[in-house]
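First the structure, then my questions, so here it is.
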């Protein structure tokens, strides 16, 4: 069920959206051959963006990671992260006061560029919460789960405020065959407890794709049918791209292994327009 | 907890998005005073759109309904419906073949303007399904629930295809105090059975708001902070508007009665920027 | 992964609980060889019961079905149905008034043996509901889905009453490869709409197994470790039997086909004590 | 909506099942007047049991807690805990090997009385898991959430085994107005991640009530209609008792405050047979 080669397909588009983990890199480093892919894109004037459900740091730090791996083409302006959407939400809708957060200091630093004060839940006193105007869930690291998740729950019971989830993923891979809980899973649990409606950013939600499309339009006028989404995960990359109305290509280097692709597609009902072994040209 | 008057608030925006049912009209006809609201908008050069989770007919017929009630200002071009998003999806992503549907002939007629053939599930033979390239759920009326919902389930078990839900609402009001199941509830039940991932269009999803915003940008350049969403339902209009990054105003003429507004806001955690008794100026 | 033969396993127990559909019979009639199984059980003084999520008729009619297929051993007293639990609930907890129902006249007839008046939803007037003390969902047939499901929803919004679901299955097979919605799926949809907590009877719930165990104890003292549950469905028969604390045996003549057994067990985490090709000795 | 007094109601029954927290005691100690209640029960030969979703220690330690508060009547044999059901499950269905657990050493100690070896997840090496035959979730304390929940998830991905949840509650109260996550919430999150079917013990599940009923029958023959369930929580105590077929009494000293009782009953559809201010005679 493998389609014709990646290069041939990509050559028909003007812009390519790439998922990051499982498509361009994994725990071993870069996916073999993707450096040549970016050279090919450059030569053929095909633009690209990396769409990632990552709010653990800002776009600059996310780009640095690729550059340290040798993928120079991926600069800060090429990164579209769910954290950027969360930051924009806080900037435009919360405006003032302090934003409590679950995450690392690094993840909060990026939120502060929106002009808001941030406070780690661990430093919050539940006796002084009148200045807290939002809670944002940024990362699974940087806090004591037992103490701080419980404190977040009590905060939300005591004061009504918007809760922003900056990464909707339930898990992320940490090594071959091992995964870890992402902040999306923690936020689902907390939402179930407090029975409030959180605001979530990240694929497969259309807002992420639209945010990327707005970035595209700043530099060139492109119709949606000239954009290709390349991802390894049916339930985020592919269904999200499909719904947004762009063509989708599934690679088999990450969450969807070659021997499971047919099973996953049939059982999920999520059908990519193309399937390739990898994003290597 | 009622904010200052509607007129004063609206005057600060360049574009207003209105929900339809419970805001502009209900089972008794127009909400009192909304005709004057549209006169006020016109005089002050404030543009507007009606955002509705309705796929039971095309935008022209939806506009006709308002005009027959005396709201001349709402023409076809002012309607943004979830059915329009579903139609676009089918046009760009399905392209050819036949689209099976659950709904009225009228609802399918609009889909056919995308150039696709449609077939009511009731006329489908499960022995000839190779040409069916999508299933779309348009309306709760126009078919035999028992026969046709069961047939749709078996169709989806026999052939893998995208399923598009053109109205995500679970219910709609039919008279004072009475409701009826909307096609969104039927699609949730069918999805649970077949365990596939359907594609849904309608508020609170960001794609609906973005689609409306794209329409705005065709006629005037407006920043998001100059757009106001006016709705009666926290879980569709208000959280959707908030997440999209525009200001939101809750009216108390529909799903959120005046004596329950505080309870609903506190228990849901969905906080509008303003609250007004109605959309009357 | 097939265990040693069925006869050898069964001979170690004093009582066997059988699921009905997919184990003893299917749309083609009896599963080949099961008549001999019941002869074997009789000769070896092994008792048995049939546990079925069926509320469409009383135990007498359910037994008649087996007898008409030639399985004389299955008399009325050997049937344990979810409908029997629902009937008991109504008898002991509702006591008086009228019970509105969704189902066939035949399904309601059995409820009436508890001494309660019943009224099909189709004959109910929403203007006279003060005597309705419960709603029971019995079967997917016998009513107009569109009219009567909507009427049931409005009834539940107008008057607070217990809602009893007498069959928790989402679907049932109607012929090779074809299924139909069962009343369990309809009740899930209605519960989601009215946001009340329904009372459900049927496997995998422990109450069904305990009800059967109480029947066993009326005729012989048997410890749980001398009872074997034989079923074709991991998510009802096997997990229910496991949780109740009895041994479980999966047959491959129904919902779990031979080539999928390993996949289904690994992906569900539901592990039967034995696996056999069928319940034939 | 308060019914006649507690003493009058209780006098009509032969056995009373009490929930613990919010009915007999809270963070301040005993609920005022309950000591007299147990004297009254004793004088009138009314038997009783305490049904609690608590697996953090054995029945002896749970009884000690009551005795230290001055409620001498509650001895070890009067305690029915979800932990006892979990222990029985492990004893009869797992039989050998080692049981990995999330919880305190004290909670595991009770499991070991079933003759099984236990191993805290924290001490488990994911390289040596062949002897692990079950995972049991006992308590929210006693481990490092971040490390050990992640380790449990990877264990379940590497080896198929039954997972037992010994407390289904999502939260528990820690002081006036403050709550903490219970292990039931953690298990829901983990189940969502690994997509396996866990086995849960605790109210409102019928097995808990039946387990208590079996204890009753060991000392006296009592029909179900002579048993009363007294609880403060509609979604566990009351719906569970109703479904099991016994009469139910709601007290307003815990999760259901007096001014919310009508709202909670109407919105949940869970209707107790009686309502009393407290369990004091």
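What to note about this one:
Letters A, B, C and D mark the chains in the order given here, with residues in each chain numbered from 1 onward.
Please note the rule applied: a residue touches a chain if its C-beta (ideal position, glycine included) is under 8 Å from a C-beta of that chain, and two chains touch if they have at least 3 such contacts.
Given the structure is predicted, the values throughout are model-derived calculations rather than measurements.
The chains touching subunit A as well as subunit D do not exist; no chain touches both.
Both copies, subunit A and subunit B, contribute mostly matching positions to the interface they share, with over half of the numbers common to the two. Centres computed as Cα averages put subunit A at a distance of 28 Å from subunit B. Chain centres here are Cα averages; for subunit B and subunit C they lie 40 Å apart. In terms of their C-alpha centroids, the spacing between subunit B and subunit D amounts to 45 Å. Residue positions of subunit C with contacts to 2 or more other chains are absent. Chains touching one another, given as pairs, are A-B, A-D, B-C, C-D. Here subunit B touches subunit A in the complex through residues 88-89, 92-93, 156, 160-163, 194-199, 205-207, 210, 224-225, 234-235, 239, 242-245, 265-271, going by the rule given at the top. Within the complex, the subunit D residues that touch subunit A are 126, 140-141, 144-146, 149-150, 153-154, 157-158, 170-171, 177-181, 185-186, 188-189, 192-193.
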